[in-house]
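Note that chain A is present in both complexes that follow, paired respectively with chain B and with chain C.
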Partner chain A sequence: MPIESLMVNTFNGLYFAALLFFASVGLTLVFGILNLLNMAHAAFYGLGAYVAVWTLNNMGDITTSTVVLLAVLVLVIPLVVFVLSAVLDKTVFAPLYEIEPVYQLLATFGVILMLDDVIKFIWGASPITVDGAVDPSRQLGTLDLLGISVSAYRSVVILIAIACAVGLYLMFVKTKLGKISQAMSEDYEMVQMLGINVNRVRIMIFSISVAIAALGGALFVPFATATPAVTLEYVLLSFAVIVIGGLGSLKGVVVAALVIGMVRSFGIAYYPALELAIVFGLMAVVIIFKPEGLFGDEGVVE
Partner chain B sequence: MSTRLPTFGDVKAGEIKGVLLDKRLLAGSALFVFLALYPALTMNAYHTRLLAWIMCFAIAALGFNIVLGYTGLLSFGHAAFFGAGMYTVVIAMERAGITDLVVLLVLAMIVAGVVGAIIGALSVKTHEIYFALLTLALAQLLFVLATRDVGGLTRGTDGIGLTRPDFLGLPVSEVPAQFYLMGFYYHVILVCLTATILLLWVVLRSPFGLTLKMIRENETRAEMSGVPILRYRLYSMILSAMIVGLGGALYAVVVGHITPEYLDWTMSGEIVFMALLGGIGTFLGPVVGAGGFILLQELALSVTTYWHFTMGLVLFVVVLTLREKGIWGGAKELLERLDERRDNS
Partner chain C sequence: MNTQLMNENNSHVSRRNFLKGSAAVTTVGSLAGCVLLEGDFGTEEIDGIPDEPFRIVQLLFESGPPAFYGEEARNASEMLVEQINDDGGLIGEREIEVVDRLDEDAGPDSLISDVQAMAQEGEVDMIMGIVSSAHSLAVAPAADDQQLPFLVTMPGTYQLFEENPEMDHVVRTAGTNAAGAVGAVRMVEQMDDVETVITVDPDYAWGHDHQEMFTAGLDAVGADVEVVESRYPELGETDYSAHVSAIADESPDLLFSSLWGGDISTFVSQGVAGGLFEAVDEALLIGDTGAPLLDSLGADMPENVWLGGRGGYQPNYRYDEDEAHREFVDEYYERYDQLPGWGAYHEWMGFEALQEGVERAVQIIGDWPTGEQLMASMNNIAFEAPHGQHTMHGPQAVAPAVFGRPTDDHDLPVDHPLLGEFEFIEAAEVNPPEGVLTMDWVDEIEPMTG
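Up next, the complex of A and B:
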């Protein structure tokens, strides 16, 4: 049934797009608002994945309730990572804001190497997976959507991604923090002159960004294994997303995540050998012909 | 449009004598002799292998630094050239039956140069991080094609094994493996490294090299002076790719088995790391960096399995403290300061 396979692939594409959105939205925000190109951003996606597997497997003795497990994935893990990244921003990342982008890339490449070994030190080098009993994706089963049977868990992930995108948009247009961040993306020094504590805003934006990446990693593992290779894969994919969307644009990330999500989903279905090649080819074509990306010459939320 | 570029005047005989007695040249020659005799004197196969490994990457890091240190462009795609050199050797041996080392090396440099010309032509118009990201994307494209075995040349992730090449019609490949490396191949690498250093020393001090530096220092001024910036950037990419390809081709025989890993972006990262560790603002920094990187890695591996952490920390600290000076530039500065203090007292 071609129409059914079309719908299944579209659904999977949406799921990939949701994961890519989580992994890369923070990268583009940190670059657009704080002028930091953090190559290690997606490493927190990998970290989130490991923390989630470990937490879920340890939860098994206490409860296997789906609601509690999902709450852990969606609320507890991002909150813990939020606090952790605030500390990291104060210490490891603080000196990086002052240096040229090229050196930022290299220093944060060093951070990737370090985080990689921290993960291996805690959880070992072999892949780890979520136990069946505490796997929310199994508990939720499938549901019927327009005649095709899809994973209910994946639908939840897609909905969370949409909520997250809308939430970020509202934060930027409605809240004071969001408006200050928008002003900072335009003119960092001017905001500072006006007597606003830019360091506090910086830590907030950085921590929110990193927490969203960890949330993505946490939501990713019930359907996949946590391996050290996840980090490296998502570092590249998230760069592809933000380059195609345009550095520093929220709308760009959403559109580019959808594009790459669909390319991957349909690519895996029809041209499995070339699926990743298309992603990097697209990234190269965008930089060559439209270096500012699809929406890069606009502000964060325009 | 005429280009006015600095030219060398006639070099006087006295200057030549001065150059020959230069302590840098004397120290270099002494080091060359020492390194050439090292395998025969110590008969240490492990050290020879390690030195061969370091010298291959020293060539690659030197080649890489033409683009970063001299032209001021950060490429995150040099694994493409390194891997192109490696795959050229193995594919030419297997498919075309070429077994002569000299032919293989020349061929590898040509292929790497062509790959460099293509990637360069596509990317020289972009700037800073866009250049880094574009070279990354293009190199990664090659990596994906190699892992998926598109075109049936690379055999995917299994990789291809390699036999030992001959040299100018001599059947050196028939000697036992240890002697091949210690008695012959090690010296080929040493000669190639020396030739690369001498060649780059001349090229980077020529009007061509000075023009590259001018572009790095002030692009607008270079353009206003009539320098065709894009073309010079392309030349520097091609030259860089050829030398990195030579490093890769030499390394292919040392490892004996080629997998797409050598085309991956982490490989590019390692080459960048080596150049930066040694000092991208110095001429010999990349050589020191290659040695430092590999020795550090071996040392860290012998103590702990978590050598990535050590390397990451070193990279982080070097970027934040020494910046373009690297350990080589930092050491030189320290020596100069000590000299000054001695002069003052």
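Up next, the complex of A and C:
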């Protein structure tokens, strides 16, 4: 195996792991802290992708500056979705926290269908790509990394994912919000009885989680195409990530995303016939030997 | 007088037997054609045109990955139904109404039970459409069992009539995927310096059919070409970068792919970013690709590719020469602000066959046809398509293969490339003769003549 292709595949694996991390980290947080199994979580990844492609394509007349475009992807879109999801939490999701997980699954599956149709209603079913002039992945071009040529944009996405993981970790161990939410994951009622406004914390955690998924979708779209299929694909993949990593563990998401990213990247490169089986085969192995997932018996940031 | 005679005939012979096979229709058709040649067949003499509209239920993807394809088909059918009804309807007398649409995303089992229920209720005159090859294989025999006429417009699997040769309530107006795959073989025959190929096809019937026919066809014509690797990404894949870098590493002379819809768009755009089209000399993208792909890729569309497949369904192909095509494209563009893709073209061919079939049946029997008569009269007809005559061999259309290269040099009012340098390969070169099984034929094809 030549060293170049080893590195290219590692890079591809890292990039895919970054996308998986964005799509699934919120799912595990919302479950771990708020006890809501939100099947629709990764649907916001799809929503983020569409909002991003639409925004970028409409910005062509205003500016094509890479910095501004990246700022839109990284700050504006997650912020918009943050506000939107706070509203959704108060309305659509509020009644779901109290019901049994199986009903949560059914109800949030309904939310996927609704979001899917909203996307199709607004943007239609045809695939949409970012116009070349406002596409940061084209603007940034490639860079030389230890002798191989890689997409600069995709490198940035990997760095943002790392920053995001570190940021979340610091939030949980350093900030008040993080500490309260850790406590909530241990004993929700006790935290409530201590006079803490759990609803406010709930909305914060939920909205941050959803905003990260939307951020992932927004970062994904310059290098891909927004299609209605994105939603469902990432819903399935994000479930694979949390099954492998263990429900409710930040570390689990990071490790599982990396494992899936690498195994898939090298698998497709060297054993293309295995592609379909790779991710779910990995999931099966984990379920057989460690049904609770790699880190399922640990807390959010243990 | 003549019409009367035909009616008398009908009273003696049961209509079912009278029109049992398409051969009968052809014979009687030519007779009736002669007697009716002078002037219009007077519709005032036709009894039994039902008062209610001709009711169609469409089957297409309204959700899930292939929904964009269903959307094109829905757009086109709305437009065409309106146009036909503006002229009074079928034979100018009976309007069409699309009474319902079934979402293929529900899966074959659900489609089959819906079809059975529709047949029992008898409120539907014909079902039409269907995108997925896999679904067509499941639903067509079920509709035929229930004697519910089914005009199949989009899927390409060559297995449809080969697996179910007895169906007499089913007609398909789309060419089979043999035209695309063998068309690709014909293109390779004309290429110089192609020694290695990598195939990339979606992981289900459509993709595997294509890979097998293409590989077998290359063997049969004795092309000195080796398929060094075959890849089958999942349908709806969003990250092809691992495939892209593996193919770029291998640097084959030719890339062959039947990926379609959003998949081919994602694959090509990630391929461009990953330097794929610099690593390969040529690519043949035959998954019903055309205007929508060129629209979504825009200026990034690589130039060393051939797009096309089973039919000349490219908006600027014979646009100036063919008035009907020009009107179809212009009207579609005006309504939907985009150029028609393959789903739209396939649906157009379906409605052409329907109109032609009704007209022919009414001419022959002087009465509104039963479902079976209607389907029989769509057998062995021909009508105008963008690529010339679109011919039905029995219930199955045989399409020519048409390929083109992306170019900005076109006159249509869109700012993305369309195709140029069109290559037309006639239907006989890319389809088995009537009665011969596709794979048997592909294994034996001769190098192209001329």
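The working rule: the second predicted complex is superposed on the first by the 301 of 302 C-alpha atoms of A that agree within 3 Å, B and C clash if a C-alpha of one lies under 4 Å from a C-alpha of the other, contacts with A are read in each partner's own complex, and residues count from 1 in each chain.
To be clear about the criterion, a residue touches a chain if its C-beta (ideal position, glycine included) is under 8 Å from a C-beta of that chain, and two chains touch if they have at least 3 such contacts.
Since we're looking at a predicted model, the values are computed, not measured.
Asks: Based on the shared chain A superposition, would you classify chain B and chain C as clashing or fitting together?
Replies: Here the two partners, once superposed via chain A, clash with each other.
Asks: Going by the contact rule set out at the top, does A:177 touch chain B (first), chain C (second), both, or neither?
Replies: In the superposition, A:177 contacts neither chain B nor chain C.
Asks: When the two structures are overlaid on chain A, which partner does A:86 contact: first (chain B), second (chain C), both, or neither?
Replies: Neither partner.
Asks: Identify the partner contact of A:12: answer first if only chain B is touched, second if only chain C is, both if each is, neither if none is.
Replies: Touch status of A:12: second partner only.
Asks: Touching A:116, do we find chain B (first), chain C (second), both, or neither?
Replies: Touch partners of A:116: chain B and chain C.
Asks: Have a look at where A:68 lands relative to chain B and chain C in the superposition and call it first, second, both or neither.
Replies: Touch partners of A:68: none, neither chain B nor chain C.
Asks: Quick one: is A:129 in contact with chain B, with chain C, with both, or with neither? Answer first, second, both or neither.
Replies: second
Asks: Quick one: classify A:230 as touching chain B (first), chain C (second), both or neither.
Replies: second
Asks: Between chain B and chain C, whom does A:273 touch in the aligned arrangement: first, second, both, or neither?
Replies: After superposing on A, A:273 lies in contact with both chain B and chain C.
Asks: Is there a shared patch on chain A that both chain B and chain C touch, and which residues make it up?
Replies: In the superposed arrangement, which is not itself an observed complex, chain A uses residues 113, 116-117, 120, 232, 273, 276 for both chain B and chain C.
Asks: Which of the residues in chain C end up touching chain A in this complex?
Replies: 62-65, 67-68, 70-72, 203, 229-234, 236-239, 241-243, 245-246, 249, 261-262, 265-266, 269-270, 273-275, 292, 296-300, 338
Asks: Residues of chain B touching chain A in their complex?
Replies: It comes out as residues 74, 76, 122-123, 125-126, 128-130, 132-134, 136-138, 140-141, 144-145, 148, 150, 265-266, 269, 272-273, 276, 305-309, 311-316, 319-320, 323.
Asks: Show me the residue ranges of chain A that touch chain C in the complex, using the header's touch definition.
Replies: For this pair, the touching residues of chain A are 5, 8-9, 12-13, 15-16, 19, 113, 116-117, 120, 124-129, 131-132, 137-138, 149, 151, 220, 223-225, 227-230, 232-234, 264-270, 272-273, 275-276.
Asks: Please give the residue numbers of chain A that touch chain B in the complex, ascending.
Replies: That would be residues 37, 92, 95-96, 99, 101-103, 105-107, 109-118, 120-121, 232, 236, 239-240, 243, 273-274, 276-277, 280-281, 283-284, 287-288, 291 of chain A.
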